[in-house]
Amino acid sequence: MSSVPLTAYLMLALILFCIGLFGALTKRNAVIVLISIELMLNAVNINLVAFAKYSINPGLTGQIFSLFTITVAAAEAAVGLAILIALYRNRQTVNVDEMDTMKR
Amino acid sequence: MMEDLLYAQPGWMHVAIFFALGAALLMTVLGFVTYAILAERKVLGFMQMRTGPNRVGGRFGLLQTVADVFKLLIKEDTIPKLADRPLFILAPVIAFAPAFMVLATIPFSENMQFADLGVGLLYYVAISGISTIGILMGGWASNNKYSLLGGMRAAAQMISYEIPLVISVIGVILFAGSLNLNDIVRGQENIAYIFLTPIGFFVFLISSIAELNRTPFDLPEAESELVAGYHVEYSGFRWAFFMLTEYVYLFAMASLTTVLFLGGWMPIPFLGFIPGMLWFGVKFSLVVFFMIWIRGTLPRLRADQLMGFAWKVLLPLALLNIFVSAAVKELFL
Amino acid sequence: MDFYNLYQNNYLIVAVFLFLGILLPVVALTAGRLLRPYKPSAEKYTTYESGIEPFHQSWVQYNVRYYLFALMFVIFDVETVFLYPWAVAYEELGVFALIEMGIFVVLLTLGLVYAWKKKVLKWT
Amino acid sequence: MNAWLLSILIFSPLLGVLVLMFVPSNDEKSIKWLGVLGTLFPLGIALVVLSAFKMGGEGLQLTEKFSWISYEVFQSKGQVSYPIFYEVGVNGLSMVLILLTAVVSVLAAIASFSIKQNWKSYFILFFLLEMGMLGVFAAQNLFLFFIFFEVTLIPMFFLIGRWGYLEKEKAAYSFLIYNGVGSAILLIVFVTLFMKTGTMNFEQLAYTFSLPQAELNQLFITKGFKMGMLIALLVAFAVKLPVFPLHSWMVRVHVQAPPAIVMIHSGILLKIGAYGVIVFGAGMFPDQFKSLAFIIGLFGVINLLYGAFLALTQTDVKRVLAYSSVSHMGIVLIGLAAGNESGMMGAVFQVVSHGLISALLFFLVGALYERSGSSELSAFGGVAKRMPILAGVFLAGGLASLGLPGMSGFISEFMAFLGLFEKMPVLAAVGTLGLILTAVYVLRAVLAITFGAEKELNETRDLSSSERVPAFVLLAAILFIGIYPAWLSDMLRPTLDAILLGLGG
Amino acid sequence: MDLDTLLSFKWSVMAPEFIILGVATLLSVIDLFMKKESSRKPLAWLAGAGVLGALAAIFMQLDTEVTSILYDTYRLDSFSKAFKILLLLGTLLVLVLAASYKKEDIEENRGEFYYLLLSALLGAMMMASSADLITLFVGLELLSLASYIMAGLERRNKRSNESAFKYVVSGGIATAITLFGMSYVFGLTGETNLFLIAQNMQDPELLKHGFLLMFAFLITFAGLTFKIAAAPLHMWAPDVYEGAPVPVTAFLSVVSKTAGFVILLRFIIITFIAAPGIDSESLLLEVQPYVMILAAATMIIGNVTALRQRNIKRMFAYSSIAQAGYILVPFVSNSSLLFELIWFYLLAYLFMNIGAFTIIQVLTAQEKSNDISIFRGLFKRSPWLAVPMTFFLLSLAGIPITAGFVGKFGIFMGALGLEPAHYWLAAVMMATTLVSYVYYFNVIAVMFFRDGEGAKVAVPSGLAAVLAFCAVSTVILGVMPDLALDFFYGNFDINEFFMNIEAVDTHTHDH
């Protein structure tokens, strides 16, 4: 049980990020899309914290950065949900495909 | 003996030891729950001028709860066919596991603590939040109007009261300058934080009761309105685990209150010769008794009052408390 | 290095507790399966609805106010991300930090007032 | 006074705009007269400029120079400022073209009486157009030149698109896009030159490029670079001129635009192309220009023959004239390709005379169209009987355009070919075929209209007094140049000599 | 960090931000306690006053030398001043648009509109003068979040909701991508302060990680292209522009875009200027081709797709994508003219685009449609709208005697000035400009050549003022660009942009 190498964290973050991106781009359900975005942001947090501890020149600011990221992510999720609720009240749907009142 | 174990290179041996110790704690907790339930019924009984359980196990009904447990054990358990089966089965587990996990970081005495986490308090808050999901899940999975409503209410109530709960302890953190529960206790060597942040304590106590879904905040399982709230459909041992969760949380919350505000194992001045374990036990039982007392005394709130209270009274108070505490720290310490 | 071990051990304990917390229900329920009777009948498996026949789905659209409370919770709970570290580090930071936190909390309260006025906090 | 003379001249049309602003847009009569007056005013100033212009004087005259824009660029050598000045001035060549512009504008304004609607906005645009043209010829600075060049573009777009015939918008768009391409290339070239040399002034540029190659290399100006620039410039102006593969827009415009505008267009705007080739091409990159001479000449001959052939096959008078313009522009190229005195002279003469002739012919065709509502050759015949004056002038114009001795057309073609025969006789020999063809198609068209069996026309009134003015003035000018070319050549010689010096011809 | 360090900072340099923050807070409170039915006009005036005040504050700061407070997280240099002026000016004009934007379902939260606008502005200003990844990012998000809400301000309008949601999703993705890139930048340098990052970039250790750096650059750049609506993250623009209320669209297309370029310049240039590439030459030079391709792609996509649009707002969305492409050209060709070129073009773009949107707002409000046909015969109906619109369109198309031309001219100077000159990029830009002629002149043709039914268009006085201001400025800047350029050269020394005044040793991790 010795220390975990940096690359492992980075890989994890990268995978999370890609999953999130994939979900955000392909999923139909708006809520899932928002969640996928949160996933991407959390991947960023993992990166930041991992770097802050293990990078070639570590620095504490990374963790602070991640704190800000967390809060902003929350705010973004809140706004997104609020808008989604407004949309749902008008359209009775959370399906992204049905959001096509404007021509492509 | 524990020390060098903790400082040694972790291995499977450790896992075994920890497992044994954990199991031991689990047993104690179960024991506590059994007698907490009995105690509650007794106390309520006396408060309502009646002698509570008095048949099973002597005239004090010492085995009453044990009997109940066995009854539950041999009950047939049904899962409605409309229910979402996997979630239905998962829900009690998700509700219970965190309830037990939070105990890992509670210092019961100078050297009676399992995981001395640097961020103990944060850990407690974070983990305890998970149970909400379990309850919501249970309510939703039953696919029953009452349970759904109960689940939603429970979730709404728990998240609403989590805010003041979380913010009210900031006073304590200010004084202790640490999130580590041990440090917090040591910080109360001279004076318990209850005296330094009375507002914080007040807010914390009320929110904790609400978090535990106990009267007067037991709307989620208000028999008269919702039959039994989120666990209408649960029967037998699955139901038992929801109950168990609540009482384990009672245990945990009482211990946390003791640690944060009542100075944990710290003795009252001039009585240092009494072991810390005992002090902890005394303070702990006081808190538990208080909670039972409240249940015996206060009527249930209305839903709107409940929410309003959390957001309009407790939250501002908690925020105010931050600065009061800071001022106190600046002026007196 | 010792502290590193301590660190790891502590979280090892947490893991063990998690394991126990899951183990107990599993054991208990499996044990229960041996003891408890099993006499299925259609009625037993209908949803409980105070005796009357259950009518249509209960997975209905939640009242929107639950969402609003959820949003409120998200915002205010996340603010503690700043409050806790501040409280811990208050010793070093001193008065300046107090003033900063004052501004921060004032804005937070402003948000609360906003929600209050907009009747978000109103149940029913 | 002289200090500001040119600027006054350039912006004098704006006075007309200003006045028109306050005229109610439904007051047709006064608007039209104001329109003519508004063009007479610049003409007057142009004459003043002419009087102030010293005949045969060397180099630029009446120059003005004000600081305008300056960019501060940090470079390895430190801070270098890239200034852009407002610089105007006239030499013989531009003087001639300015006069041409002023005159043709007046006549076009008179010809605009046939406009049926929205006279006000029409004349406002007309004035802006004139301002642009005057500016183009007076500018001594790439930036200024380009701005005025574009300023001619926009009013033309509106004039064609709003007051033209059936397919006006199509014509307007093709005009816009083709010229857009041209000006796009111009802009890139200009900016590149600017960034390389740090100046935009014509003379300084010419001087810079005349420096020995060694010094130029420090400025990253290689022979290849020069050649590339020259070719780009030639292409850009070839669109305007237009040269064979890029001419379709011009035909469309000539057919669709209102006659007055076509007078302006074929009379002056096309000449901007020639002007550009002379000033930028021959003026700035003489060596490269010489090495390209044969290709230019080749294109000239192709233009000449191609235009002539197509003109021969057209059934619509306008198209005939349009293609004749194409072939006449070929002669300009031929003259330039010759690159010797007579060739240059011929080219410029061709520019002027074609300006006058095509203006005249298009004006007359416009008049005919007004009477018959058609411009098909088949619709006309025996016009001479009913409208002798019109027919006479038309015949004269036709003869001028096929280069009858004693008229301006003859001089230019003669000199151009004289020049070319000296340099590349074979090409010239081929080219002469074009002249014969020209005679054929011009006579075919003109005779078919004037003589022959009489056709029915809606109205058969002869040229009205207001129509006679432009017709006679133009004809007079054509004859004047034809009989007394020395006047023009004296004015041009110093400028052309300077250029020829560069070309070493 | 105790009281005296706190007092040691020159807080006066933050005056503009404080003003905006104060006004925004004040507005939110007032709006909260105002009666629902009472008019919100005073709020608009207050907001306007706030913006003007901030502008005045900046003009007072013009001659203060470069200062930095809060450990270089906030710095006041020529760059920030120059671009803050643009941001404030743009917001001021948009504010007028917003004040006279009539729509029943916006009335109930008209007040919110104003302070959201100001908060967005605040975020943009923070970006303009912050030299730390964290503050940059927070500013960016403040701007974004406010814009998201503004886009969805018409709560009962499906299109508005939808555009807002699409904006949130694409914005969230963009944010995540940017942050992911930033996290790598931080990881490789261990700093969030831009100048310290730039220092650590020289660290020979990094030569081994050239590839990671390249990755970080590309991904961050891609993320940042969202705000300026350039390829690859431009797809949101058409829908959002179409659905959002017109003033918001104007805001997004001008102020938000400007802010996008601000962060692009700040972050990319300072951070990567000293960064080693994969084979140890400068990273910026190494990535230049890719960025060029992006710029070219942006220009092509924007202009070509705009051809097909019948909806005027969509058309302008694509046109603004194209404009972003143009402005990327000087950024790519990193000539020394970089800053003034971008600044000038953005200034010109501010005037012409807001002017155009003013007219669009008036027409769409009257005709209840977004189709280009609302311009039919505008010249006949109300020439005083048609003529300015013509100027704006000509300026957008880059025809002389308009500001747009001078801007484009400058951009060409930037692209062709260096050795070796970027001929093909210039050619692409020129070609796409020609393409743009078609759709810009199409609108002009509709205004002048078609004769449309429909009444004379009534213009509210406020909008008329904005219109006049924009039109005049467009022409003035076209005829006498030196007014702007001299102002720039006279007051701003762009070297300050690179000047790291915060001594490095004082910046340690102890705070």
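Chains here go by letter, A, B, C, D and E, matching the order in which they are written, and residues are numbered from 1 within each.
Everything that follows uses one rule, which is that a contact is a pair of C-beta atoms (placed from the backbone, for glycine too) under 8 Å apart; a residue touches a chain by one contact, two chains touch by 3 or more.
Molecules present, by chain and UniProt name: A = NADH-quinone oxidoreductase subunit K; B = NADH-quinone oxidoreductase subunit H; C = NADH-quinone oxidoreductase subunit A; D = NADH-quinone oxidoreductase subunit M; E = NADH-quinone oxidoreductase subunit N.
These numbers were taken from a predicted model, which means no experiment stands behind them.
Once subunit E is ignored, the contact network of the remaining chains breaks into A, B, C | D.
Traced through touching neighbours, the fewest hops from subunit A to subunit D number 2.
With chains reduced to the mean position of their C-alpha atoms, the one farthest from subunit D is B. Here A-E and D-E are compared, and the pair linked by more C-beta contacts is A-E. Ranked by how close its C-alpha mean sits to the mean of all protein C-alpha atoms, the top chain is E. Spacing of subunit B relative to subunit E, judged by their CA centroids, is 53 angstrom.
Subunit A and subunit B have centres, each the mean of its CA atoms, that are 33 Å apart.
With centres defined as mean CA coordinates, subunit D is found 95 Å away from subunit B. Subunit A and subunit C have Cα centroids lying 20 Å from one another. Shown for subunit B are the residues that touch two or more other chains, namely 9-10.
Contacts from subunit A toward subunit E in the complex involve residues 13, 17, 20-21, 24-25, 30, 33-34, 37, 40-41, 43-44, 47-48, 50-52, 55-62, 64-65, 68-69, 72, 75-76, 79-80, 83-84, 86-87, 90-91, 99, 101-103. Per the touch definition, subunit D reaches subunit E in the complex via residues 68-75, 82, 121, 143, 146-147, 150-151, 153-154, 157-158, 161-162, 169, 172-173, 176-177, 180-181, 184-185, 187-188, 191-192, 194-195, 220.
Those residues of subunit C that touch subunit E in the shared complex are 93-97, 99, 107, 110, 113-114, 117.
Of all residues in subunit C, only 2, 5-6, 8-14, 16-22, 24-26, 28-29, 31-32, 35-40, 44-50, 54, 57-59, 62, 66, 69-70, 72-73, 76-77, 80, 83-84, 87-88, 90-91, 95, 98, 101-102, 105, 108-109, 112, 115-116, 121-124 touch subunit B in the complex they form.
Remark: subunit E residues 1-3, 5-6, 25, 28-29, 32-33 touch subunit C in the complex.
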